[in-house]
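Before anything else, here is the set of structures, which you'll find just below.
Shared between the two complexes below is subunit A, which pairs with subunit B and subunit C, respectively.
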Partner chain A sequence: MLEARLQQANLLKKVVDAIKDLVQDCNFDCNDSGIALQAMDNSHVALVSMLLRSDAFEPFRCDRNIALGINLGSLTKVLRAAQSDDILTLKAEDAPDVVNLTFESPSTDRISEYDIKLMDIDQEHLGIPETEYAATITMPAVEFQRICRDLSALSESVSIECAKDGVAFKCTGDIGSGSIQLRSHTDVEKPSNNVEIDLAEPVALTFSLKYLVNFCKASGMSESVKLCLSNEVPLLVEYGLQSNSYLRFYLAPKIGEEE
Partner chain B sequence: MARTRSKPAPKAPPPAESTPSTIKALPPSVSNAPKLFVLPKDTSEDTRIVTLDNPATGTPSRYLFCVEKGFYEFTRIVAPRKACKSWLITSEGADVEEKEREKEGLQLGSGYVSKSPDLFIATPVDILFLILPALAPKTAKETKQHFLCLDDHLDTLTSLSPHWKGLLKQFPKLKQRVETRMQAICDTVDAGDETMYRISQEKLLGTLVKKAERMSAGTFPASLEEKFIKSALEVPIMNIKREDSGISEISTTTSIVLEDAATPSTTTESQLSVTTSQDSQTTATTVSSDSEAPSKPALATPPEIPHLLRLRTSFTYLTTTYLPPTLRTHLTALLSVSTSTSIPNFAPLTTHLAALAVLKAEALSLRSISDNISHKRNFEEDEERIAEREEKKRKKDEDEKKKKNESRAVKQLKKVDTSGMKKMSSFFTKAAPKKKA
Partner chain C sequence: MRRKPIPRPTAKAPLSETSQNIQSLPELAPKKKKRLVQMQLDLVGELRKKCRVCGMEYIPSNSEDVVLHRKFHAMNVGGVDFTKAFVERIKQNQVWAGGDGSFIAAVGRKDTLAFRNKASEVLKVVNTELAAVTIPDEALWSQLHSSISSKAVAHGEKPQPSAKGHSACSTSDRFKAYLYIHGQKCVGACLAERIQEAYTVVDQDDASEHTGRVPVPAEFHGASISISRVAEPAILGISRIWTSNLHRKMGIATTLLDSARSDFLYGMTIEKTMVAFSQPTGSGGELARKWFGRRAGWCVYID
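And then the complex of A and B:
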């Protein structure tokens, strides 16, 4: 039996919106520590990993580990019926055929209830080790979104170069080239505007901008985003959510075709 | 985690008496809830539940053991998951004193509500089946077995399920009983003052067939009869009655084709198709003849068939639920070749069922062929191709549907040049399918 009550339906709405273009069907693995999701995109070069800890729910009850195989398109359709400040309750039996979603409007006495049929999804689950990254950049999520959007107009890929003096996003395309340089920056008034660069050794990697733009759909989830890079390993883009939950994207670097 | 954001202040502990709740909480449900059993009456005092290997699966299972009455197995009866059912258990003849106290409110009632609607029923099981694991050959290949004395067999048994040891020690009677049952299914040799045993598959088969005969003496309970006997012996109706003469033309053509294709099947049936096709050819346009067209079954069921099928169903049930897998295959093979008079002959049943299967397949193909498909092709081929085509079409439809539902962003991502990008699985190792925290 799973029963998870989320004070703001908005959280789930945003999570699903952020990943539904990357993955279409995925398993929501529920256990007593929370609800986790791991899925790869169709070409298997990017990976989404989400964890909503049980603390994010009030109350949270999950007696047995269950995997809810859901089509995200269907889930979006149902979540569209929820107001963003509705109280959302997820319910499922121990061996479920359906997942039940209830939206309660806090102001009015309206309660809507939906059942989504579940599917059996055969997904391989990858073990992601805790990695010490060579460079960790924390910046406002909007800023990162803007960089990706602006550069994607010029080119397919961006090279992210981290050095002592800052981080540079560079791209070269048919019409010319562009480069954005960021330095560490502390905003006392608004800490969310901080740019922090934590560097162990210089890194330079190239990534597909289309994928990064896609990851940026999660920008609404958190004020800041953390980029973690190391040579030869996937880039980690992490959006921290409330109560230690997170939404992480991994993207394989482009190797061997730096222009 | 965003390190720039100040950590949220730790939540103040909720004030103790802030929310005086008006709802009285029910006591939490017990994690290890009692289960409901139906146990045999008048069992001896030493009756106990023991863990022994299940003869069919080899997994440890629970059995009830009573010195006087022997072993009982537990059958779990489950309500359908959707049916909201639970048990309310109260003691019927609670002693008067207790009731008095209850009335006065001095004591709570001893009633109990069990959430799970399961019911466990203990039914007697022949000790024979429980000793089989020790007697059965260990592997399917092992055909020659040695004669062993009773104690050796019992040793193997105790090594399989340790509870046997205690039982045998505590109840010397049990050993006798094991021996008598063993004699029923074993070849014996006298060596000095000891008797040696070796399992005899013929004897075991005979015992099982006797058991199966007893099971199938009457008819099965209605639901089982329906599932295993009636539906299996149902004869498909070959000619569909049509009132419209326009359609009856088509049914004429199909029955002609049937006539061509039906040559390998039984004679009664091909005769029937000849007569019907002649019928409808001569009077195809008249409506009356069509409604007269015979709808009687194409194949008569011989009277001994249902009994044979019942017998075989019982036998299959016995072998699958009580026999070790190695013995099961041997015995099933033995059953089909055995010529002994005590063993029923299933040949008429097999031929009848095969004929039925042919009929059913034909009826199915007749139904699935739409009228405009050319009838020149052979039936078997058609069937396969139709299945193939349908499968292909279904896949294509599904893909198309999927494609239509794909959002623009998904399509865009598909176009991304992923050359030079390694797959995720080359960075991260595959974890066990069951997750990390």
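And then the complex of A and C:
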């Protein structure tokens, strides 16, 4: 059986919020190392990969590998009933029909319990190849969110150009164009404000802003975000979570067609 | 040539204040357009997916394909949609009525084009699911009287099925479609055909019966059958029979068969022994075995 106790329901709430617009139904694969999720959006343009390691839970017990096929819409409905600082416990049998969620309020003695019916999702495991990225940019998550939001007002796509001296986010739309330049920056007082650029070779890629704005819903989960790019390879947007857990998004680039 | 432009400005004078800039805009736009194509992630081993319920293969990442599949799936699983008005109209052809407002309507050559087209539409779905060939509309609504005599001669048959059968067949339509309508959907269909002869199905696994392992082979027979070499007279051929996935195991196909038997020839109910199936699918064979009430000894005809 599975029993996982999360000190703050907020973590799961935010994860589900961030991915529910990309995927509707997906399997939560539970094993003794933690809970993992991998799903592609319907159009096969973006991929979500989440790992909540067992260390993130206290306690965590999973005797057998189980896949919980959950409709994220239903999960959102139930998680809405949880206060963000509630203690959340996930429970499931070895061959489950339902997953049980318990919310305990730390201040009062209120305990609420919900069961969500599981579904049989036929989904194969996606092997994500390990990639050496040419450029890795670490920046405050809110900064990335702001860039995406501001540029999405102008255009559908953004080109991310990373060179030695910094990274530029550029877009051109019907009403005009916009460009945001970031340089490496170290803030001694607040390291979370750092902008770090680790570059092996210059890269320039174009991505759909619609998806990036969607990814940015995870901004509240982590102070900084890591963007990994290589030419003609999907972009990796990674939000690091507590105890080595992560929420990763992959996005296929847009490529200009020869005319 | 010069004179012509002069009357124009006077006619359109109120618009003359429009900025001159506008004209240049549409020219610029297409120049700047760099066509960007969204790439897709290629991580799944197989791009195509086969729906486990309706059996359609499609590419889930292609939105057009997905819409097509959704349509086909709904039709396949839930039946073919009819409009309310059409259901009311086709009710006049009703040959059987069930308690819950469902009924069976017969559509033949003499029916209106609208009815026949709807029947063809249903048969299209049926043929796709059964992986059967499409019967062209001309053949579907043809009469049989001319070909009957020639066929009988060609086969050199001594005994005609019966005097009654012969006189009726000379005027009968070749095909008749029976549609089982439930609510506003056609959930089952049967295409009956006038035939002359059929071959008896012989029991394949006599051996297994002797060893007493009856329950196992009786569960599933597969699609393979063996037939006798001698043709027997037959009247009614079940060319196609189908029930939508959601409505199986409810006796719809059996009801369709009984309706076809009693309605196909005017004024007589055809004996079960005079009914034959076209080459059945696995589940078609199951139906035949259930309806005839025996594992072998029922007839199959070759079309």
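By definition in this document, the second predicted complex is superposed on the first by the 256 of 259 C-alpha atoms of A that agree within 3 Å, B and C clash if a C-alpha of one lies under 4 Å from a C-alpha of the other, contacts with A are read in each partner's own complex, and residues count from 1 in each chain.
Here, a contact is a pair of C-beta atoms (placed from the backbone, for glycine too) under 8 Å apart; a residue touches a chain by one contact, two chains touch by 3 or more.
What you see is a predicted model, and the numbers here were worked out from it, not measured in a lab.
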Clash-or-fit label for the pair subunit B, subunit C on subunit A:
clash
Does subunit B (first) or subunit C (second) touch A:5, or do both, or does neither?
neither
Just subunit B (first), just subunit C (second), both, or neither: which does A:172 touch?
second
Touched partner set for A:210, first subunit B, second subunit C, both or neither
first
Report for A:194: first if it touches subunit B alone, second if subunit C alone, otherwise both or neither.
first
Between subunit B and subunit C, point out the one touching more subunit A residues.
B
Applying the touch criterion given at the start, work out whether A:146 contacts subunit B, subunit C, both or neither, answering first, second, both or neither.
neither
Kindly classify A:24 by the partners it touches after superposition: subunit B alone (first), subunit C alone (second), both, or neither?
first
Clash check vs subunit C: of 56-64, 182-190, 272-280 or 380-388 in subunit B, the offending stretch is 380-388
Doubly contacted subunit A residues - partners subunit C and subunit B:
40, 42-47, 124, 126-128, 208, 234, 250, 252-257
Once bound in the complex, which stretches of subunit A touch subunit C?
40, 42-47, 122, 124, 126-128, 157, 172, 206, 208, 234, 250, 252-257, 259
In the complex formed with subunit A, which residues of subunit B make contact?
1-6, 81, 402, 405-407, 409-410, 412-414, 416-425, 427-437
Residue set of subunit C touching subunit A in the complex reads 32, 34-45, 52, 60-61, 63, 66
Under the touch definition given earlier, write down the residues of subunit A that touch subunit B in their complex.
20-22, 24, 29, 31, 33, 36, 38, 40-47, 65, 73, 93, 95, 124-129, 138, 156, 191-192, 194, 196, 208, 210-211, 214, 222-224, 226, 233-234, 238, 240, 244, 246, 250, 252-257
